[in-house]
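Letters are used for the chains, namely A, B, C, D and E, taken in the order the chains are written, and counting of residues starts over at 1 for each.
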Amino acid sequence: MALFKVNNLQCVRRDNILFQGLSFKLEDGGLLQIDGVNGSGKSSLLQMCIGLIQITEGNISWNQTDIRDCRYQFQTDMTYFGHTNGVKTGLTALENMKVMHALSGFKSEVDYSLILKQIGLAGMDDVLLSRMSAGQKRRVGLTRIFMASSKLWLLDEPFNALDKNGKKIIEQLIVSHCKAGGMVIFATHQTMEIDGYPLQHIHLG
Amino acid sequence: MALFKVNNLQCVRRDNILFQGLSFKLEDGGLLQIDGVNGSGKSSLLQMCIGLIQITEGNISWNQTDIRDCRYQFQTDMTYFGHTNGVKTGLTALENMKVMHALSGFKSEVDYSLILKQIGLAGMDDVLLSRMSAGQKRRVGLTRIFMASSKLWLLDEPFNALDKNGKKIIEQLIVSHCKAGGMVIFATHQTMEIDGYPLQHIHLG
Amino acid sequence: MNEYIKIFFIILQRDLTLVFRNKAEFINPLMFFVIVIILFPLAFGSDATLLKQLTSGIIWVTALLATVLSLETIFRTDFEDGSIEQLILARYPLTLMVSAKVTAHWIIFGLPLIFIAVLTGFILSLSSQTMFALFFTLLLSTPVLSLIGAITVALTIGLRGGMLLSLLILPLYMPVLIFSMLAVQNATAGQSISAEIYFLAGILVLALTLAPITTAAALRIRLS
Amino acid sequence: MNEYIKIFFIILQRDLTLVFRNKAEFINPLMFFVIVIILFPLAFGSDATLLKQLTSGIIWVTALLATVLSLETIFRTDFEDGSIEQLILARYPLTLMVSAKVTAHWIIFGLPLIFIAVLTGFILSLSSQTMFALFFTLLLSTPVLSLIGAITVALTIGLRGGMLLSLLILPLYMPVLIFSMLAVQNATAGQSISAEIYFLAGILVLALTLAPITTAAALRIRLS
Amino acid sequence: MNLYKALPLWFHKLGALKYFYEISHVISRWVSVICVICFITGLYGGLVLAPADYQQGDSFRIMYMHVPSAWMSLFIYMVMAISGGIGLIWRVKLAEIVARSSAPIGATFTFLALATGAIWGKPMWGTWWVWDARLTSELILLFLYLGYIALQSAFEDRRVAARAGAILALVGIVNIPIIHYSVEWWSTLHQGPTVSKLDKPSIHMSMLIPLLLMTLACKTFYVSSLLIRIRTEILEYECNSSWVKHLLGNNKNVSN
C-alpha cells in the first residue's frame, strides 16, 4: 500500500504566495486532478514534487518518508511528463522510445511497435521527430507512460496538442493504471471523461 | 469586400499527400475552423498561407490575387499566431506588447494596460515573461490579436495552455472581430462556444 | 519613412534591452577577448620582443574569434521562440529589422571590442602608428564582421551544431583580416596605409548596402 | 552493474546517433580547427622560421578554443527539449549518464582533434620530438577539457549568452594549457617531458573521478 | 523587367527536367570522348614532346596538371555562384541542380591544384607549403567549397538547401578576385601571370599547346561529370513525378 502525501505545503513565486497550507493525500488507485486558472501554481506544485522547485514550507512524503530523504526511491516509483515532451527531434520514434525505456529502468518487456500502434502512430517507427506534427511529437513523448512500470504518474497538461482520439487513449490509460492500483496526479484545463472512475480535485488559487 | 480563397491546394510532406484538391473561400465575417486528427495537416495549411511552406500545387489568393504575388499586401492584412508564442521571455509583458504593436503597424491607438486587463493579466505589465506560467505567456502572445488592425487572423491552436476563462475571452474576441467584418481561420482540437455565430468547418485527413 | 525610423529604433531598443538586462552577456565578450589574449603568451613563451611582434596579430585574430562566438546570439533566441516568424510577417521590410538587429550587435559587441583592443595595445605598449592602424582597421572592419556574420547566421540558424557557422564564416572573413593585417604591418614598418584603409572602407560600404538584403533573403529561405 | 553498463551505452549511442545523423556536425569542429590554424599565419605574416617556432602553441590554443566552441552542444538541446529533466528523474545515477555524454563528446570531438592536430604538425614539418609531445599532451588533455568543460556547461546552460561559458571555462583550462606547453617546449629543446606528462595524467585521473559527479551536481542545481 | 521575365521562360524550356534528362545522356557521351582525346594528346605533348625547361628541368611538367586544375577551381566556383544566383532569383530547378552538382567537382579540382602546387613547390621553393597570399586564398576556396557542401547536407529539403547554398556562394565570390590578383597585390613566391597574359603569353608554343589541350580536357571532364551528377540529382528531385516513377519501374521509393 503506497501513500503519497502533501502536508501543509506552501509555494512562493515572484514574492506572491501562490498557495499555503495545502494538504492532501493519495492512496493506491487514487486519481487526482489539479485545477486552477492560469498561473495558479499547478505546474509549480508538480515541479515541487519532482524536486525542480525547492520546498520552502511544509513537506511532501512518499510512503511516510519525506521525498527529499528518499529521492532515489521516489524517482524509481514515479514518472513525470511535463510541458515539454522530453524527446529528441533528431531521433526517430523508435530510437526515442528505446532511450525512454532505458531511463525508466527496463522493468517490463515492451513491444515498441505495438505501443506506437496503441498511441495512434502505427508505422511511424522510423520517422524523425523533426518531421512530425505537434500532436505526433507529444504522443511519442507520452509513450513514456506506456512503458513505465512506476506507481505514481505526474502529468502536466498531458492533453495539450492532442486531438480527441488521442485524449481518449490517454484517459483510458490513466484509468486502467488507477484500476490496477496505480496513482495519477495531473493538471489540465480540459474536462476529463473517465466513465465514473472516482476523481479527486484540488483547486488552486 | 475582401476575399480569401484557397483553390485546388495540395500539400505533400514526407512524401505523403496530406490533402489534395482543397478548395474553400472566406468572405467578410467568415469564421472557419480547420478540423482533423493529429498530423492531418492543419498547421501545414496555415503555414502555406503565410509562406513558411512552399505551395507546390494549387494556389491561395487574397482579393483575387495569388498571395505569392501580393505578399506585402497580404502580410499587412493578416495576423498569424502559431504554436510558438513569438514573444521574448527576457522582456516584460509591456515591452513585448510595444514590439508587437510596432510590428503590426501602429495602426490603432491602443492602451496596453487595458488590453492586459482584458486578457486577464491585470497588473502584470512589468513582469518578465520568463517568470510567467505557460498560460500567462500564451496570453501575452495573444495580445497581438487585440492590437491587430488586420482583416484576417490565422490562429494555430490558440487555446493551447489557456484555462476556461482565457478560452472564453479569445472566443468572444474572435466572434466580435467577425461581426465587425473580419475573418478568422483557426485550428483547434477543442470545441468552440460561440453562441450560434455561423461557423464553417474544413475537415482534413 | 518616419515610421521606418521608428521601427528601426524599436527593434534596436528591444535587442539592447534584452542584452543589458542580462549584464553578464554584455561583459562576457570582452572578458573572453581579454582571457584569450592572456592565453597566448602562455602558449608562446614569454620572449618579450617576439610577443611584441605578435601582439597586433593576436589582437586581431582574437577579435575575429570573439565575433564568431558572439554572432550566434543575433538570431538564435528569436528563432527558438518564434519571434523571427513575427518579424518576417510584419508590415515592414525585413531588411529594416535585420539592419536594426545588426546595429544592436555592433553596439553591444563591436564598439567595446575596439575600445578594449586599443586598451590592450596601449598596455602592451605598441607604437602609436601601430595603435592608430589597429584602431582604424577595427573601426572599419567590426561592422563588416557583424554584417557578413549575420548572413551566415541567418543561413545556419537552427541547424544543429554551432560549428557549421564558423566553417562558413571564417573564409568570408579572410579578406577583411588580410587587408587589416597588411595595414597594421605597413603601419608598424612606417609606411602609408591609406590604400588598405580605402579598401576596407569600400568593403564596408558594400557590406552596408548588400548584407542586410542578403540576410533578409537568407532568413526567408531558412524559414521556408 | 550490468544494467548500468547498458544504460551507459544506450546514452552514448543516443548522442552519437544524433551527431552522426548530421554528418556536417561531425566534420565541422575539425574544419574550424584547420581554418583557425590558417588564420594565424595570415595575421603574423609569412616569416617561416617565426611561424615554425609558434606552430605548436597555435595548435594548442586553437584546440582549446575549438573545444570551448563545441562544448555548448553537450547539454543545450537536452535542456531545450526537456530531455535533461528526464535524465535527472531517471532511475539511474545522473553521474552515469553525464559520463556517457562526456564520453560521446570526446569521441566526436577530442579524438578527431588529436588526429588532425598531429596531421597539421606533420604538414608544417614539426620535429618528431615536438610531434610526440604534442600528441601525448593532447591525448591526456582532451578528455580533461571535455570533463571540465561539462561542469561549466552544466552550470551555465540556459543562461543567455554562450560567452559566460568561455569566461568560466578558460581560467579552468589554464593549468592544462601551461603544463602542456611546457612539455612541448621541453620536447622541442630536447629535454625530458616525463614530469609534465605525469602531471597531466594526474589531472586526468582527478578529472575522471570527480568531474562527472560535479557535473551531475551542477545540473541538479541549475535545474532547481 | 523584360529580361527578368524572358530569361526564366527560355530557361524553363531548357529546364524541363525530363527533356534535359534525355538529351544530357547523349551530350555527356560525346563530351567525354572529346575529353579523352584532349587528355591523351595533351599529356603526350606535355610529358614527351615539350622540351625541358632551362631553369626547372623536368619538374615544370607538373604544370600540365596544376595550372588547368587551378583555373578550373576558379571557373567552377563562378559557375556555381552564377547558376545558384539564377536558381535563387528565377527559381529554375535546373540551375539549382547545376550549382549543387558542381560543388564536389570544384572541390576536387581545388584539392588537385593545392596538391600539385605543393608537389611543385618542394623542388622550386624547397618547401611544401608557405603562407603566401595566393596559396592561402586558394586554400580558403577549398573551405568555401566544403562549407557549401556541408550546408547542403545540413538541410533536409533540397530546394531550400540549394537556395541557402546560392547565397553562400554569391557572398563567397569576393574571394575569387583575391585569388587571381593576389600575385600582383602582394609580393609572393608564386609565379605571376605567364599564360593568361593574352596579348603576349610569355611561354613557348610547344609548352603552350599541350597546356591548352589539358585545359580543354579538364573543362570537358567537368562538363561530362557534371552531366552525370545532374542526371542522378534530377531523379532525386523528381522522384514523385510520374515520368521518374515510370522510368524506375514504378515500384521503388527513391526519396532518399
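Quick note on the criterion: a residue touches a chain if its C-beta (ideal position, glycine included) is under 8 Å from a C-beta of that chain, and two chains touch if they have at least 3 such contacts.
Here the structure is a predicted model, which is why all the values come from computation and not from measurement.
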item	value
Touching chain A and also chain D, the following chains	none
Subassemblies held together by touching, chain D left out	one piece
Highest C-beta pair count, chain pair	C-D
Centroid spacing, where centroids are CA-atom means, of chain A and chain E in whole angstrom	57
Mean-CA-position distance for chain E and chain C (Å)	32
Distance from the mean Cα position of chain E to that of chain B, given in whole angstrom	48
Centre distance in Å when chain C and chain D are each reduced to the mean of their C-alpha atoms	26
Numbers and ranges of chain D residues touching at least 2 other chains	18, 22, 24, 28, 31, 35, 42, 77, 160
Where chain A touches two or more other chains at once, by residue number	83, 90, 131
Of all residues in chain E, the ones touching two or more other chains	136, 140, 143, 146-147, 150-151, 154
Partner chain C, residues of chain B touching it in the complex	50-54, 75-76, 78, 80, 82-91, 95, 98-100, 102-106, 144
Interface residues, chain D side, partner chain C - complex	18-19, 22, 24-25, 28-29, 31-32, 35-36, 39-40, 42-45, 50, 53-54, 57-58, 60-61, 64-65, 69-70, 72-73, 77, 80, 159-164, 166-167, 170-171, 174, 177-178, 181, 185
Complex contacts: residues of chain E adjacent to chain D	127-132, 136, 139-140, 143, 146-147, 150-151, 153-154
In the complex, chain E residues that touch chain C	88, 133, 136-137, 140-141, 143-144, 146-147, 150-151, 154-155, 160, 163-164, 167-168, 170-172, 174-175, 178, 186
Residue ranges of chain C touching chain B (in the complex, touch as defined)	3, 6-7, 10-11, 14, 17-18, 21-22, 77-78, 81-83, 85-87, 89-92, 223-224
